[in-house]
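Labels run A, B and C following the written order; every chain starts at residue 1.
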Amino acid sequence: MKLAVCVKEVLDSRLPLQVVPQTGEVTHLASARVTLINPSDRAALEVALMLKDQNPDSRVEVFSVCAAGEDNALYFALARGADSVERLAPDRHLAGPPYTALLLASRFANEKFDLICCGDETLDNSSAMVGPLIAELLDYPQLTGVTKVRECSCGKLLAERSLDRGHRELIEMELPGVVTFKIEAAEPRYVSVRRLEQARRREIAVRQLDIVPSKSRLPRWPDAEKKVPPRARVKRKFTPDSNLPPAERVKMIMAGGVAPQQSSQNSAILEGDSEYLSEQLFRFLRHHEFI
Amino acid sequence: MEQITREIEWNVTLWMQVFLYVGAFAGVLIAGWRLSRRYHVWKLGRSANVQVSIPRSLANAIAWILNRGKMPRDGFASLMHLLILWGFIILFIGTTLVFLERQTPLHFFYGPFYLVASAVIDLGGLGFLIGLGMAVYRRYVQRQPRLKASAWVGTLLGLMIAIGVTGFLLEGFRISVTMPGFEKVSFVGYGLALMFRAGGLATEELTRLHRADWLLHAALSIAFFGLATVYFFRHIIVSVLSVALRPTRARGALRPYELSPESNPSGSVFDMTWKDLLDADACTACGRCTSVCPATAAGKTLDPRGVVLKLSDLVSRHASRRDGTTPSAFDTITERELWDCTTCGACVYECPVDIEVFDKIIDLRRQLVDVGNISPAARGCLEGLEHRQNPWDYPPAQRATWSETLKLPGIVLGKKPEWIYWIGCAGAFEPSAQSISRAMVEILRQAKVDFVVLGSEERCTGDPARRMGDEGLFQRFRNKNLETFRRHGIHKIVTHCPHCFNTFKNEYRDGGEPEFEVIHHSQLLSHLISEGKIRLTGSTADKQVTFHDPCYLGRHNGEFTAPRTVVDSLPGMKRVEMPRSREKSFCCGGGGGQMWLESRGQQRVENVRLSEARQTGASLVATACPFCKVMLETASVTAGQQDQVKIKDISELLSETMER
Amino acid sequence: MSAIASSISDTGFGSDMPLILVLAECYWGQVQKVTLELLGDARKLAAAIKGRVEVALLTSPLHSDGAVHELRPYLQERLHLVEAPLLENYTTDTHLCVLEALLNRVRPRIVMLGATANGRDLGPRLAARMGMGYAPHCLLIRSGTAGRLDITRISHGGRVHVQSAWLMETPLIITMKPGVADAVSTNRSPGELNVERHSADVRSERVRVIEPIPADPKTQDIREAERVVSGGRGVGGPEGFAVIRELADALHAAVGASRVAVDLGWIEYARQVGQTGKAVAPQLYVAVGISGASHHLMGMRSSEKIVAVNTDRQAPIFAVSHFGVVGDLHKVLPRLSNRIRQHKAQAKDVTESAGV
């Protein structure tokens, strides 16, 4: 089996971020940039390697569309045990998920990969477009949001796909195809620093593809986007109900309840008797539509 | 006058002699061959970064034989071993004298020399048997928990007793035939001879019995030589080597770990160091390490003796392997065992033959980490370290948040400060430890110590990375921190964290000259108190306090006094010692990466320690390590005793009672 | 691959009233709430750009009546209904080919989908196939100056907003982040339902849904749960977890635990939330009897809404909770669970008695 994995090095957006006003660049607040291999890409890589373990004469080839200094994800894949890694050099003037998908699909066009594995979305752009677009360009079937591969044999993939609200479905796809994986799809394996540094000493193959985007089936994408810090959307805040029905007020008095205290602007911390507290909890949950 | 001597090999035929010499030769050959096989397996191990110095090794070995190293710590065992060892040596010398007298032109075995020698030999033999009796008592009657009552041991003990007994019988039979008066010096033999005579045995019978017993004694002795390298009996020879090659580095420093680029560690003998393989064969299976291991005490799967013996077993398996297979330590050692270790060093402190016990455990961890075979919690911690420079996975930007309102003096490039107060990751991120940092800042300011902090230039020292087994990650931190120190010309560091202290002191220089001086805050504080720079007011109520020795300050680095001085200087405090204190201190359970790993096992290590503290009647536990503080606090919460016992760092206690 | 027949004539592309087509999200015949949010957004946008809204619903003949019935109280717009057996479950190929044909037929200017699992699966590919623009995971669409549409989408997991401006004439597919917009409420005076049926000959050879695996908070990994109710030291013992489970059941939430509860053996390690357990970021995290030590906070502080119940007013958990209650969980939780069950029973009664 020939497996292709698409990876990307991203900014660790779980750390505090800031948008640099002049350049619109997103970087880390008060510290050096921390980047890592996109976690769902890492899961995709793990699944591919697991499939390789199950089918020993398979190959796992890893690709990334990135500039020369942003290829840490490829070195990681190498250290983790990929059979080969390759950097697809993008044109300096073109960017965006459709272009990325185009480069990848062009690379895969004549290669006969059985399965193309991608992460479902990146920590930075979060557009979740590249996987489906590769499938469209190659006219392959696709599965997105896969959380578990149950079986991969006889040209078919049997997998669990995640839907919303915790629901999942068991779904089958014919190969060749494109699958995007969620972070939960695999428990990642640790790669020691020694192996990372060992991988660093190796050369990564680079390929330049001459592609003309206008000739391909791609969605239109804005030429320019502006990044801004999020503006808090003020939704009607929940406040504990001080206008309790008389019956409840009496109950409170009889129980020696204490008036609710507001500790900070953002949250309420209430004290009182259990009836009062449970009722307020109920209202809070109701207000935020958990009930 | 009768000649005071005896006829050597009286009643011993030529064939018997042939049997003895051939047999003995064969026995020694077998033993030698077995040892040599093991030696060749040891050589397969990788380099141990050990400078082998013959003079020092000899000195170690001799000193150990004379003063018996750590044996005296257990009085009964010490006496027992002394009797067995020296009894055996005396008997052996006796046999050698006999051999020399017979087989060489030397002629000395007569007259006063003979009388003295015979008496001493009998004493030796008696001591030998008494020692063995003590051993049997200890193992089978008293049933000491750390001693296994296995069939092998029983057989070997029995064999030695039989040798001793048959030896005495031999003497008895010999004497009983002629009953020379001077043989009263061989009091045991003489006594036996009297008994035989009294029993009415005829001379012929005695002669026959003597011959038979001689053969038996010879056979048993040959068997003994042959079996001298089986099971823990190897220690007779190998332990001398392990003691001779005892490491000279500080106890708190782990060995560096260099793998060749192609290697793929799998737990085979090639992946262990030769020293570890040799050590494992030196193990006497005494179980002292296990008896003091905190993980074992808390019911976890780790059994340090087990790990060492399994490594010894690996050597055996490798020596006897069939072509094509390479046995691995991981065939018998589980990952769980390895991850239970807190690196407290109690095992190394106790081991009578200087086996580097926990170093082996860490080395095996290193192999697991290299292959990536670790639990999600361990992975989370190591990756957090790699990306965020701290093991708690906090955003690096928050490192200085704890001190925002304190306006701490930061380091300025170009200005050489006197002291750097190194906060460490715990002191910066862990709320319970932040109060230690705050207390220290107050004290340093009050005592007008000229200090600065590195603020966001601090990063983890790499200690958790090293203990958890990623040596490459440790080296990264080490290099970056050393670069920071050099850039700023830092040469004096004080830290409240013993882990940082240990790593800076012992692991940041690897044999070269230290580039900077580092002290622990307890040392600085006790100095400040003695200089009168801090004055204490009598504001604490009479409290009973016990001091918990941190492993990385105490056992690993020998500092027990300074923190006690600080506690004793607090007015109104009554300090009591826990039964396991100082070098014998019982770990809090936080070291070796345990702070970030999942906990398993019947009990928590920290709860075991907390109960011990509570049993002293103390309502306050003083610590000198942020990890100890957090672990013991967690223990008090888990045990529901937060109100009954408080855990405080010495700096917090000082700050509370300090005159401002 | 498919043929579409329609009984009503089309509205031309480039007509004065641009068409905003809302794609209803439907699982196994059940219309999802995000559809109502989309309708809300679509109506607002239509008002701003002087457009009109229509709704497309793809489902199987088995479920179409039920689905239409569910939508009816909210619908003021024309409904394009496509029925085919293979549309019962979502697969990319079936929906793509049906929508390709439908879009070619009705020529919308803007297509709106929810940025749900299926929406994000379909959106990019549909946009590529149709050559339309694509704006993923959007929060806001505003009519801007000079005939432009200002769209704000999220990136970096929601920590950065990305703004782009689209020419009004560009046909566009937009996926909207669920849970942001207000859902439309039912029509006060429902009129005749305007349904345009389309048939489709749909064949899917490459992907097949075998069976649904419904969410079971009891067995699913807590990281996947949308809601978690966690118990800590205050629960007091394994029996104490019964009230936690009760509340979790009532809220359709998964049960989690703090390190202390797991260490004391009250509940299994798989449920441990925190630094040495799992990191969760559900929409609702209820911390019961949990003090909020830093290692626990690290495992749940990114939750959308945090509710805390604890007897200790000074517990650190209250510093991160959105709503806190200082009380005895053994008394408060059962009452709360009761209240929730009561409410559900009432709601059920209402719908049943309304005869719908």
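A few remarks follow.
Here is the rule we go by: a contact is a pair of C-beta atoms (placed from the backbone, for glycine too) under 8 Å apart; a residue touches a chain by one contact, two chains touch by 3 or more.
If you're wondering where the values come from, they're calculated on a predicted model, not measured in any experiment.
Looking at contacts between chains, the pair that accounts for the most C-beta pairs is A-C.
Geometrically, the chain at the heart of the complex, using CA-atom means, is A. With each centre defined as the average position of its C-alpha atoms, the distance from chain B to chain C rounds to 60 Å. Chain A and chain C have CA centres that are 18 Å apart. Taking each chain's centre as the average of its CA atoms, chain A and chain B sit 48 Å apart.
For chain C, the set of residues that touch two or more other chains is empty.
Every residue of chain A that touches chain B in the complex is listed here, in rising order: 12, 15-16, 28-32, 34, 36, 80, 187-198.
Across the interface of their complex, chain C is touched by residues 11, 13-14, 17, 19, 26, 97-98, 121, 123-129, 132-133, 135-137, 141-145, 147, 158, 160-174, 177, 184, 217-222, 224-231, 233, 238, 263, 266-275, 277-282, 284-286, 288, 290-291 of chain A. Across the complex, chain A is touched by residues 27, 32, 89, 91-93, 116-118, 120-125, 127-129, 131-134, 136-137, 139, 153-166, 170, 173, 178, 180, 205-215, 217, 220-221, 223-227, 251, 283-284, 302, 305, 307, 309, 313, 318, 321-328, 331-333, 335-336, 339-340, 343-344 of chain C. Contacts from chain B toward chain C in the complex involve residues 377, 380, 392-394, 429-431, 596-599, 604, 634, 637-638. On chain C, the positions that touch chain B within their shared complex are 233, 259-260, 263-264, 269, 272, 275-277, 291, 293-295, 298, 316.
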